[in-house]
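What follows is a group of structures, each given as structure tokens.
After this come two complexes, each holding chain A, first together with chain B and then together with chain C.
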Partner chain A sequence: MSELASSPTSTAGIDVVQTSAAWAPLAAVLLLATASAAASLDGGLAARAEGRSLRSGMSAPWAETARLFRQRRRTTLAADVLLWRVGGASLLVLALLKVAVVPFGRWTLGDLSVGVVWFNAMDVAVWAAVWLAGWGPNSASSLVGGYRFLALALAYELPLMFALTAPAVGAGSLRVGDVVAAQHDLWFVVWMPVAFGVFCAGVVGFSVWGPLSSPLGPDLGGGVLAELSGIDRWLVLAGRWALLTAGSAFGVTLFWGGGAGPALPPELWLLLKTGLLLAALVLVQRRLPTLRPPRVVRAAWLVVLPLVLLQLLVVSVVVVGRG
Partner chain B sequence: MLDDVVFWVLAVVAVAAGVAVFRVDSMARATYALAVSFVAVGLVLLLFDLQFLGVITVLMMVMEMAIMAIYMIMFMGMNPALMPMSMVHAKRPSLAVAVVTFVVLASGAVLIPWPSRRGAPASDLTVSLGQALMGSKMLVMMTVSAVLFATIIGALVLAVPRGRYDRLGDDLRGRVDADQPDGAGQ
Partner chain C sequence: MDLRQRLATVAVHRTSALVVEVPGWARTRWAVEREVRRRGWRLAVSPADADLLVTCGRPGPRLADALDLVWAQLPGPRARLDVPTSTAVADALNEAAAQLRDDERQRRDAADRPVEPAMGTPAEDDSTAEDDGDAQEDDDHGDMDMGGDHGDMDMDMEPGGIPLASGGGGDRDGLDLDVLHVPLGPVLPCWPPGLLLHCTLHGDVVAEARFEVLGAAAGSPPPRRTYRTPADRLDRAAQLLTLAGWDDAATQAARLRDDLLDAADPAFCVPVLDRLTRRVRRSRSLRWSLRGLGDGPGGDVWDRLLELLEEARAGLAGQQPAGSPTPVDVVPDLVAGLEFSAVRLVVASLDLDPTAQHHPHAVST
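And now, the complex of A and B:
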């Protein structure tokens, strides 16, 4: 036990170094660039599905950005403007706080000894952000959307927590750098496939995406998005893409060996793998229907939670067996 | 020096947000003012190098306040939760209770002969916390969690007017109403 506690991130040749906070803008730029690439991919796929040209679809997120930046804010009666703005702007900030603990090659912005718990705390903060964005405009559709998100969050969060626990148990550490180092011989996705799958579902959940996007559903006239306009709407939309990207980056770090790979530098491998996982999530989500929250809750608690607990048991037994 | 500045900023935020809980006129603002206060306290714990406790406090408190937002709409019948309302009730008794509690706790904190520190903190506080919870304090944790869980279930059973046991019978084998939108009994 004690050797697990004291070893500083150097078990397998990767020494994670904490960089100065001055690099945070670079991390933000990388995060936004990757997120916008994913948005372009999604736009392209949507255009193809509708029979338009790929290129027109790929530029759609940029056109939408330009439109929203010029759009005037719509106001609603008796809106709780403070909470509305805080909720909408938080998503992007939370995504950045999530990638702060992801080692980018040898460097990381925050080398927390409890990095995995930090990520978890940030994705719980998304609960507050989405609900506040739904509460703010004093609009029934938005508020229902906010509550839908909390219902979904109750479904995906507990399995996600245990999915995050599995790599931490496997590595014997909550430090993200240690989790990467522990995958030196074998990526965790190989012997924790259930945890990886559940983690991806959780990423989809906290990004309010694909099957778990009912809080923004067209049946609610856009739900949380219903009254959002201009820069506020852009912040929420971009925040969702950034959360999806941050989740992919963290998933790659916990399950796909982080920056490990031949020939190329680890920074490039991390970006490549993140792009790959992100593209996979975008592709799969486009093929899945949106699910009603009660159905998700039922499946999550009765099927997924026991499965991920079994996965955790397997991981624990393996860890104890290895000694 | 920097630690001092961070501590005082967080302390002021925690107290100010705590005061705001009772000064605002909206349930949502009160709930999230409380969340801000707790988050500030959680971040203060990071200054003590209690990283796990600090981050987990932030996690639990934000989650708790989000859940409270569900409950406050669910159980407040005519939905005053959605309207502006006062956050204080029974002002005089509560004021008296608050003052007495503060004086007792504060005088205790000031007057008690604090023991001097024995030994040194463990090198990894997260590990020693885990060992305490999973070792010597295991029985306490198991008992407390069962009691807490039973309390939550009990409160829900008492508060929900029409749960799935009402609709489907004690063995849950009753007929399912396909038109019921709530999935709990499906």
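And now, the complex of A and C:
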């Protein structure tokens, strides 16, 4: 295991090369472009549900952006402005830090030996970001939203950690490049379906998305979003889309073989697969109602956690059996 | 400047409207919501989220005061509309869009407003008619949310002039700084019109509640009653589904409601309604989330949602609606001990009709 972990990533025939940090802006643009495509898809589907054309809704995210860029920022009485703004703005930053360890074809911004742990650390940091955004405005509904997120985080985070462990055990390495390489013969999603499912639920969780979006629920007047306007609101909304995108990119990297695929260059494959998973997550939001946090916590601890541990056991036994 | 004007033009395509119904003007609200949807605009969930405040009907003095407070919380660019009848809604919204697009006008408006939020009056009051402080909604400034008891005010101890949240009798977890007084309504989407619920919160659990109904202006012509029409049933189902976070199904219900507004052919509406009912009935996650909530003689929230859809179906089939609304005074007892989201779902599922309330200052604890 230790010998594997220290070896360079070359089993798949592709060496992952760490690029200079100067490429980070390009990664950010790519992340935002993918996220905005997903937002357009969501807008289009929403428009169709409302009886308008798919096309008319595709531009909704852009109109919303224009609206929020034009809107005044807002403060509330005795708000903790610093922490409020820090919390709201960090979602976007955390999403970018997450994609930093995703190999884009041959290149990656950070070829960390503990890339998987890095991703996990970033999604734990989302706890602080969302909670601070809820705490900041000194408003009961925002604060309740922030605490709802913590309750949901207690439900999804532990299963997510074990779901992340499965591919790492399968590859015998915490380096993301090694995990991709280890899927040369067989994508991990094939023999780790439970881990993949739980990972997707985790992505939905840290993006405050769909069934796990009660911290932003309409019953709280938007919860964490309740007092936000203008650019501050845009940062949170965009951060959410970026997190969903980053989660999808990491998901296809860990479970769908990353950039592996015939004919097309690996960069394109990664984008295609990411887009596919992202579209599926967008559909989840349209199909499912929001689940109330108490029920989610129960199900997560009583059903999901044992299941994902079982998955991990199976993976471990297979790895040991292979020698 | 050209760029700014262009930004404004694009922004207005996604205008977000906070639509407020004065008790009795449901039909007008539906007309406004339909027009909002037709334009690709959207409905706001809080004042911070809104560009446009639409008042449907003629509010009484206290509701009007509440609306003024909400108006002050719109971030701006902002516009305000009073729509007294369901005719000429489209023209009114055109006018609002023109106001929002008018950059000069919005700049003047912004320049006239104070930068810092104003300190409001405490949420909990002694409910005298001229005290407008309680007329607040749940998601307003922190100044309201933190408004504490009059009893233990101590100006030296109050950060930013806000009375500290205070411990009260029987706080369930014994934390002394845990009790907040938060009003729900009267300006709150998916909430019975005019209902104002003074809640005492322990964390996110409502410990006790007291209600009032803020009504329409005296002498305003009584609008046609909509209670228990198929459109009314669908409106309630749509609100419930919105609160449950299922936008797609909620939109489906609201669209059907709007079709009925034009007296659409039942032969067209019935299959659509049946599809919606099947979809709701089949949703295992919705059922799992709503089951067991607000259990009472009429079943739980899930049962009442299905009942709403069935009553709409019966109404479309030509059956005369029967039954009377749930009296508003059962609300405080029903919501005590429930968590915030449960309170919203339970209240939306109850068949409340504040227009039938004749004692606007009825107090119960």
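Everything that follows uses one rule, which is that the second predicted complex is superposed on the first by the 321 of 323 C-alpha atoms of A that agree within 3 Å, B and C clash if a C-alpha of one lies under 4 Å from a C-alpha of the other, contacts with A are read in each partner's own complex, and residues count from 1 in each chain.
As a convention for this text, a contact is a pair of C-beta atoms (placed from the backbone, for glycine too) under 8 Å apart; a residue touches a chain by one contact, two chains touch by 3 or more.
In this text, all values refer to a predicted model and were calculated from it rather than measured experimentally.
**Q** Quick check on the superposed pair: does A:147 touch chain B, chain C, both, or neither? Answer first, second, both or neither.
**A** In the superposed model, A:147 contacts both chain B and chain C.
**Q** Tell me which of chain B and chain C touches more residues of chain A.
**A** After superposition, C is the partner touching more of chain A.
**Q** Going by the contact rule set out at the top, does A:74 touch chain B (first), chain C (second), both, or neither?
**A** After superposing on A, A:74 lies in contact with chain C but is clear of chain B.
**Q** Between chain B (first) and chain C (second), which, if any, makes contact with A:295: first, second, both or neither?
**A** both
**Q** Which of the two partners, first being chain B and second being chain C, lies in contact with A:184: first, second, both, or neither?
**A** A:184 contacts neither chain B nor chain C.
**Q** Let me test your reading of the model: by the given contact rule, A:64 touches which partner, first (chain B), second (chain C), both or neither?
**A** second
**Q** Regarding the shared-chain residue A:55, is it in contact with chain B (first), chain C (second), both, or neither?
**A** Neither: A:55 stays clear of chain B and chain C.
**Q** Between chain B (first) and chain C (second), which, if any, makes contact with A:220: first, second, both or neither?
**A** Only chain C is touched by A:220; chain B is not.
**Q** Look at A:135 in the shared chain and tell me whether it touches chain B only, chain C only, both, or neither; answer first, second, both or neither.
**A** So A:135 only meets chain B here.
**Q** For chain A, give the residues common to its interface with chain B and its interface with chain C.
**A** 147, 292-295
**Q** Which chain C residues qualify as touching chain A in the complex?
**A** Listed in rising order, the residues of chain C that touch chain A are 4, 7-8, 10-16, 37-38, 40, 45-46, 48-49, 51, 73, 75-77, 110, 116-120, 137-143, 145-146, 159-162, 180, 182, 188-190, 201, 203-204, 241-249, 251-252, 255, 283, 285-286, 288-289, 339-342, 344-345.
**Q** Applying the document's contact rule, which stretches of chain B touch chain A when the two form their complex?
**A** Interface residues on chain B, with respect to chain A: 26, 28-29, 32, 35, 51-52, 55-56, 58-59, 62-63, 65-67, 69-70, 73, 82, 123-124, 126-127, 131, 181-184, 186.
**Q** Give the list of chain A residues in touch with chain B in this complex.
**A** So the residues of chain A in touch with chain B come to 1-2, 4-6, 80, 82-83, 112-114, 117-118, 120-121, 124-125, 127-128, 131-132, 135, 143, 147, 150, 153-154, 157, 174, 292-295, 297-298.
**Q** Tell me, which parts of chain A touch chain C in their complex?
**A** On the chain A side, the touching residues are 46-47, 49-52, 56-57, 59-60, 62-64, 66-67, 69-79, 137-142, 144, 147-148, 211, 213-214, 217-222, 225-230, 233, 286-295.
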